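After this come two complexes, each holding subunit A, first together with subunit B and then together with subunit C.
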Partner chain A sequence: MVPNMFQSILKYKKYRYLKLSLLSVLASYILYLSQGSSQPANGGTLQGYILGIFATFLVLLLASLGIRKRKYSSNLGKLQGWTSAHIYLGTSLLLIASFHAAFQVGWNIHTLAYVLLLAVIFSGFYGLYTYLHYPRVLSINNTGGTQNTWLEEMGEVDDKIKAQASSCQIEMRLFVLSALKNTILSGNFYPQLRGKDLSKIREQSNKKLIPNKNQQRIIDAIATAIPQSMNQAESGALNQLLTLFSRRQRLLKIIRRNLQVRAYLKVWLMFHIPLTVALMAALIVHILVVFIYW
Partner chain B sequence: MQDGRYKVVIIGSGPAGLSAAGRAAFYDNKSPDSQKTHLLLESFSSPAKTIYQYQKGKHVMDEPGFLALRSPMSFVAGKRENVLDNWQQGINKNQINIQFNSEVVKISGEYPQFVIQLKNGSSIQSENIVLSIGLQGNPRKLGLENDAESNFVRYTLEDPDEFEDKTVVVIGAGDAAIENALGLARNNKVHIVNRRNEFNRAKEGNLNAVLTAINNKSNQFYCQYNTNVKAVNLPDENNENGSIVLDTPEGDLEIACDCIIARLGAIAPRRFVESCGVKFPNDKPTSIPDLDNNYQSNVKGLYIIGALGGYPLIKQAMNQGYEVIEFINGNEVKPADHPLLEQQFKLLPYAMDAQKVLDLYQQRVPMFKRMNALAFRELIIESNIVIALDAEAYQETSITQKTALTSGFDKLTNLIRSGDYIFKQGNYSNSFYTIVEGSVELIKDGNKKFTLKAGQFFGEMSLLSGRPRQASAIASDDCILIETPRKIMAKLMNSNDEVADGINRVFIMRALQTAFNPKLPPKEMNALAGTIELVEFKAKQVIYNQKEIGNELYLIRSGTVSLSKGTEGNKLVTYQLQSGDLVGQMALMGNSTRQHTAEAAVRVEALKINKQQFLKLVQSNPSQIKVLQAQLSQKMKKSNSIGSVVEASKTIKFLLDEGLGEATNALIINENLCVNCDNCETACAETHGGISRLDRETGASFDGLHVPISCRHCEQPHCMKDCPADAIHRAESGEVFIDDSCIGCGNCETNCVYDVIKMSYTLPKKPGLFSWMFLGLGNGPGEDLDAKINPKDKELGKKAVKCDACMDQKGGPACVRACPTGAAIRISPNDFVNLVDGT
Partner chain C sequence: MIYLVRKSVLGSGDELQDLDFDVNSLTLGSGDDCSVNLDQLFEAVISIKAINENTAKYECNENISLIVDGSESKKGKLIKGKTYQLGVYDIEIINTPAGFDFAINIIQSKRKSIHPKKRFHIDSKKSKFSVRKISYLLFFLILLIFLIVPYLGFQDKKISQTLDNFHLPDDSLWSSGPMAMAHRIPEIGDDCQVCHLKPFEKVQDKQCLDCHKNLGDHVSNIHPATDKFSEFLCENCHKEHNEPTHLTRTDNKLCIDCHKEIESYSGGSLENNKVQSVTGYTKIDHPDFRLSLIVPELINGSYEWKKSRPMFNQSNLPKEESNLKFSHTVHLDKEMVQDKISGEPLVCKNCHQLKSDEEHFVPITMDKDCRSCHQLTFDVYNPDLELPHGNLRAATVMLQAHFIREFTDPILRKNRSSKKIRRIPGKHTNEADCSGTGLDCGRVEALKEAEYQFSNSGCVTCHEVTDYENGDLLSRWDVKPIKINEDWYSKATFDHVSHLSVKGQNEQQICLSCHNVKLSDTSADIAMPQTDKCLECHAQNEQQSVELTCTRCHQFHFIKDDGE
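Take a look at the complex of A and B:
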């Protein structure tokens, strides 16, 4: 549900920045076409210069989002407006910069700047995709709860598991406890991103750690043990354990998915921002070079 | 002492009692015989228990700044330890006759032969009694053998860090118990004993923290649920082998421990005070005994001062101690606040003593005539006196005002120009105005006018409903007004039934006027208003059920009512109504079967109007029926449109369940847009001294809407309820904020039901944005959890911090402005319908 009191970044102020971007692309195109027959279209003509300067202005404007985002008392528009403008103007750069370069590429520093620009823009596209797509995924995954409530519930479930395990035979008890102990929630950023479950469990026969992905190994073991159990107390405990581990399995899935999606929402900025820095450096070189070798 | 009888016995050695005893000792020391005619009784083992129990190192404030201290005991703002040291020295120097461990359990007899009975059985006689036992009450004991307060059995905990590597058993499930247990758990093994199977009395923050601690097995933190205490075994002379025996569901359990801390709440002192014959005006918990100008209660010779008498700050309490002894010794003293009164009246065109003006004003306003003089005096001191002058006089007088203000006056008569607005329709100011001279014009919607004369009052609507002003007010020439802050008025209404009735009566008349526009003669209107009942519903209480036959309608005075259809479990909320709205009028205007279930979403006050009364109102002005019918059909349309979308009505129900019905300005987040960047929190911290006042992730969600933990600027803020320093205010534009006079007592933190107030030190200033970006200084924008507190700030202690809706930020709330995706918005209940309308 997107109630009408909310506005997505794309629709912000009735597509104000989409309109602005289309306008600047159109103006740039006219400028590009207007390059006379005396000189072929190029970054070095008067029109080329204007386009280059305009493109650079846009890059600086886009990069300054990083600063505006952190100027929290700033009254220069809402950040949402900035983001909306950022997206549309950033996209328009794709064409405007190409008009400036008159679609010429080669193995030189100029093209490096151009390629970096493309890289920033395309990483931005991916970022926009994550911003539009993943919030809903998170919301559905969380069904009203939050990461903290899941972690708390995990704590409670683990306590109950420990309590039930104490009525099981030693083998099973150790197996259960080792499943708890060797559960790996997230690991570093990379496994988080992959959503990979690295949980293990210690096999009681040979004391080796074996994978316990999705808690499946322990669930299987408990399910197998239930019909074999002779002792009524133990059988009750095993049944309880099965329920508890099923819940645990579910909780782990939710938690891990949350971590994964949140990582998706962040990871692209780890490309977008450094690429922006590299782009700015390449641009400076490009500008110096064209002045020196003019 | 004469014939074994004291002249005055002072009970309770808080600031009030100490000051009184100090003054009484002064007279004793002056008299030629060395007899002590005064005695100070204290139930605790050292003086001023309330202050003794403040957190170690707490900065004690000497608010209100404008009041001078008049006491033989010294008191300046400073560390708790210094304050207590000074008082100890004062006790020695003045030779105060103080007796510790002497809890008074009964007072009998009468002036001048009171008999005071102590807990240990002995009794003492006295001519006069000064009761200054404060409001903290005495801790509820375990009710077992060996439960007396000792090093082993404690009922308070000053400083959890005093314990290390000990085993401590904490008993209780309230916030105090949990906070103590968590504090101790840092360095000790802790058992917490809960009589029930849940911690349902605790605040959410504490609840989460205690559950986390219980669940975290690396802690030595254990909880015994469904458990009672069976016995306490005191330790031996070497302080060893103490233990506690618990009655658990699994049988008896003995735990060897170093200390038992029982936090079972306190027994409020009211019952005891009543047993002394002192009358309270009503049953409300906040009610204050009626006192005369000299703090004397209805029991002759029994005086009540300090917090118990309704004065919640140390300096006030101390001044009263001095004054009460002066009076008992037959000296007429002008109270310490007399100069304040003079300043209040200074710019008025009278040449009269301030006390005379005071008496005159009290006579002039019917509602105030019956108040006791002391209460009226306090009312005036806490109020502003406002005079409206024509342009010329305004010019002249404001020069006088300026010079006076620069030469040391703090609070003078307020000046306004006649013809200027006192307040404007739609503003949130909620002080209450009484006209003592001249007249005031009220203007609603730009055209409806109404004139009020001297002796009348206005502003009761906002006071009672917490809503913005319903009309604008303009003062005439030379009009003089008493502007009373909401808090003082609320206190007065709580303690004085006549004032409460007077205001309620006028409220009812004006509310009926607004809702029904009747054309009844004033006399009949007044009589009708007198028959209308004021009813109160608790949150979640049903007002009426669907399908019932209804014979009355309700006019909401404060709070929010939800209308729903269907049965429990399958209930669809279709509408919500606020103060000024009518509920259930359909039953009187056509079909008498209730079409909805009406339920109070938060605490609701309403006028109950029955069929007869309703008919009388509308028949006097039949043209009004059309207006009412139009309102009703408007409401029906909306309600049916929401009811037809299950999702929408569920969302409204969710928002109401989250308490947003009493919000005026709440942050909500659309989960389908939120990218979890926490920029909103960072923005909040960056614009508010490095401390975020919102917790984005915590809080409930439903169908993509998330209500984070953040202040909602309630209509009737719970947090304001008992702030001793009166530091919480509402700005004209509606924001509820805390000012610098906060003394850090933590009452608001406890009172806010939404858990949005934090106690925090002032954080050091951070390096600027560019120093961080380019030089890597500091931790960057946002709250720095590892910030090092400056020693100076540590000394000043923690203060309450909460959202102020960025009232000082030009662009409005920083959280909303900083959200890159537009997920965060702020809404009021009026927006609910819009919010769900887009589905």
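Take a look at the complex of A and C:
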């Protein structure tokens, strides 16, 4: 995610889709204003039907972006163009659908469709914000590296820690290995989103798991053990372990933040997509029942 | 079962460690709860249960798989002679020494430990929260709640009742807006199917006319364009569930769409008594008003009142034929006529009282509006007696009966002759006595009084009287019946009250500004405003004009039995 990519999506072909959207909104507004002679503005007038058909067409067009994104070989147009259209036409739908509904709401399926549409659009706004904001945050956090290089390095650090741990006394060795084993960097989405470090370590005296946030507990234990080491080899190994865990601490922070930011970039889709599918269902019912009770 | 595990010591692949376990099955993992501790497995755990010395069953948890001959599997059998990869470890079944039931060798290979990405499930697709599942769930939930369940209720009244009883979703969720206040009646309630009988079919007229029984049609049954209305439903003009409520169309297109070329709806005829085309409300777009008059017609010796619809403009000023003699000029002249009680000059509303419809006026009657000044006295010696009104025969019989009685009864005759009545020169006065018999005197005086009433002053003041000069009191005169028009523009409506507020003018001035009767000496004058008068304020497309839609003056549904 490069910030420029999304800025260029907004400016795509000299704001082609912004202009198209403004034109659509203007035309819809004129159509909306032309109502009121025979009955008040609503979705059931001729103009209301036209606005409804146009809004439905736009919803289907915009939803098809989801399909388009998965077909990179498609010749239907550049993905960038589709995304730009998605953003601008989606925003215009906010007004076009409101004109269709004539700003009337009630406890019924018609308003549910309208509310779902608003929810989809606003979740899309949040998505756009994340795409404009978080790639920069990710770039700053990575300081030139990538998630993979950090993970590779952590694998190496962990191997080195295990090797060094073998030179320590059994209690320290098990304590160190417990810190490695109980490091939590969950791949599940919600913990990633929270970004909270729930790592633990097993206390050797009572075999209980205690918090090891930011690897601080093991670092403290190693730092305390260094002056008490019995021989030079063990002292050297402990010093090495201290350095390695400090690096591990740093790596975990970077990786955890990376995961959190990437979760931010994805979380809106967890609303945007189900809400879009729900909107499709509501639209089907909305259109059907209008004609069932014509 | 006694297992022997031969394991390479951490950090030194050549050094082997023999461990024995008396367990049902071995568990290999990095936790303290595992029988064999393999640090490099982290969250991976595998359980091994020997079947015999050469084979064993194994099962891995979700974090690892066994690899043998290049293929991965989570569970299966370990067979002696094969080497199985378990992360960085290799596992193989070895010969079972005496005293053991099963033996395996675990060697730490040079392979790298599990990649952190895999270890920590980074980029794992596994999640309890699946966007796809939630999407499907929402999709079907909405279809179920908002379509399927209400539709079941729509198809079956019992289900509908059950849904209603348990406050479950029903077809009220399909409503596109609240019903008009006029339709919120117990007979309709929340039952959509009172009007919506069949799916995908517009509301039929029968559903409306079940309640609106007395609603008139737009044209009569004999109208040449009757068939053109067959395609229209009530629903075309009357839209329910609108916000704001707007049950009736009031836009000009409602009328003008057909009336702009009314020839095609009236058999191509535009004769004088036919409707004329209209395209708006200007001098050009709207035809002159057409009066609704009632005209007396003598048929077989009695009068009948026929309707007449003449055009009304400066070149055609019809006359009213009410048979009433009346001068507005006289009655509005403050020197000549004053209110009997207040002494003030008469104003319009002394006689013309607005009905509750705020358009028409309470009919003028002798008793209500005239008698207070125009008493029907006929004998100065009995000023408290009045002739009956509205019945010629009763009046003449009363005249005769009264005077015969006056001159026949000796006491009455004596009293009458003794009364001192001051005679005013030039004014009619009854006789105090006469020289003949009571019967003769009474007849003579009755005839004299009748002649006076029907020729000089009295009945003849207001009525058209015909004198047949046949000498018979009871059949000599004929009084034409009076019928005052009550609806001058029967095809239009008008709100008098809203027009009675004009800055700088009092009510009387406002009345006279439209109904100029100050110089009207005869009731034949029709003092109704013409098109031009209304256009002064209501012309279309003009600045400072109170524009009117057609329906402000004209109704679509005429009342039944209108006869036109």
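The rule is short, and it goes like this: the second predicted complex is superposed on the first by the 278 of 294 C-alpha atoms of A that agree within 3 Å, B and C clash if a C-alpha of one lies under 4 Å from a C-alpha of the other, contacts with A are read in each partner's own complex, and residues count from 1 in each chain.
Keep in mind that, in the parts below, a residue touches a chain if its C-beta (ideal position, glycine included) is under 8 Å from a C-beta of that chain, and two chains touch if they have at least 3 such contacts.
Since the structure is predicted, the reported quantities are computational estimates derived from the model, not experimental observations.
Looking at the shared chain after the overlay, A:D158 reaches both subunit B and subunit C.
Looking at the shared chain after the overlay, A:N206 reaches neither subunit B nor subunit C. With both structures placed on the common chain, the touch criterion links A:Q228 to neither subunit B nor subunit C. After overlaying the two complexes on the shared chain, residue contacts for A:S139 are found with subunit B alone; subunit C is out of touch.
When both complexes are overlaid on chain A, the residue A:G43 reaches subunit C alone and has no touch with subunit B.
In the superposition on chain A, contact is made by A:I292 with subunit C only, not with subunit B. A count of residues in subunit A touched by subunit B and by subunit C gives the higher number to C. Within the superposed three-chain model, A:Y12 lies in touch with subunit B and out of touch with subunit C [touch as defined at top]. When the two complexes are overlaid on their common chain A, residue A:Q80 makes contact with subunit B while staying clear of subunit C. Comparing the two complexes, residues 147-148, 152, 155, 158-159, 162 of subunit A contact subunit B in one case and subunit C in the other. Touching subunit B in their complex are the following residues of subunit A: 1-9, 12, 67, 69-75, 78-80, 82-83, 130-131, 134-136, 138-139, 142, 144-148, 152, 155-156, 158-159, 162, 262, 265.
Against subunit A, in their complex, subunit C makes its touches with residues 10-11, 30-32, 39-40, 42-43, 112-113, 115-117, 120-124, 126-129, 131, 134-136, 138-143, 146-147, 150-151, 154, 171-178, 192, 196, 199-203, 239, 241-244, 246, 249, 251-254. In the complex of the two chains, the subunit A residues touching subunit C come out as 37-40, 42-44, 102, 104, 106-110, 112, 147-148, 151-152, 154-155, 158-159, 162-163, 166, 177, 180-181, 183-190, 202, 207, 259, 269-270, 273-278, 280-282, 284-285, 288-294.
Chain contact summary for the complex, subunit B toward subunit A: residues 208, 211-212, 215-217, 647, 651, 670-677, 679, 682-683, 686-687, 697-705, 769, 773, 781, 809-811, 814, 816-823, 825, 827, 831, 834-839.
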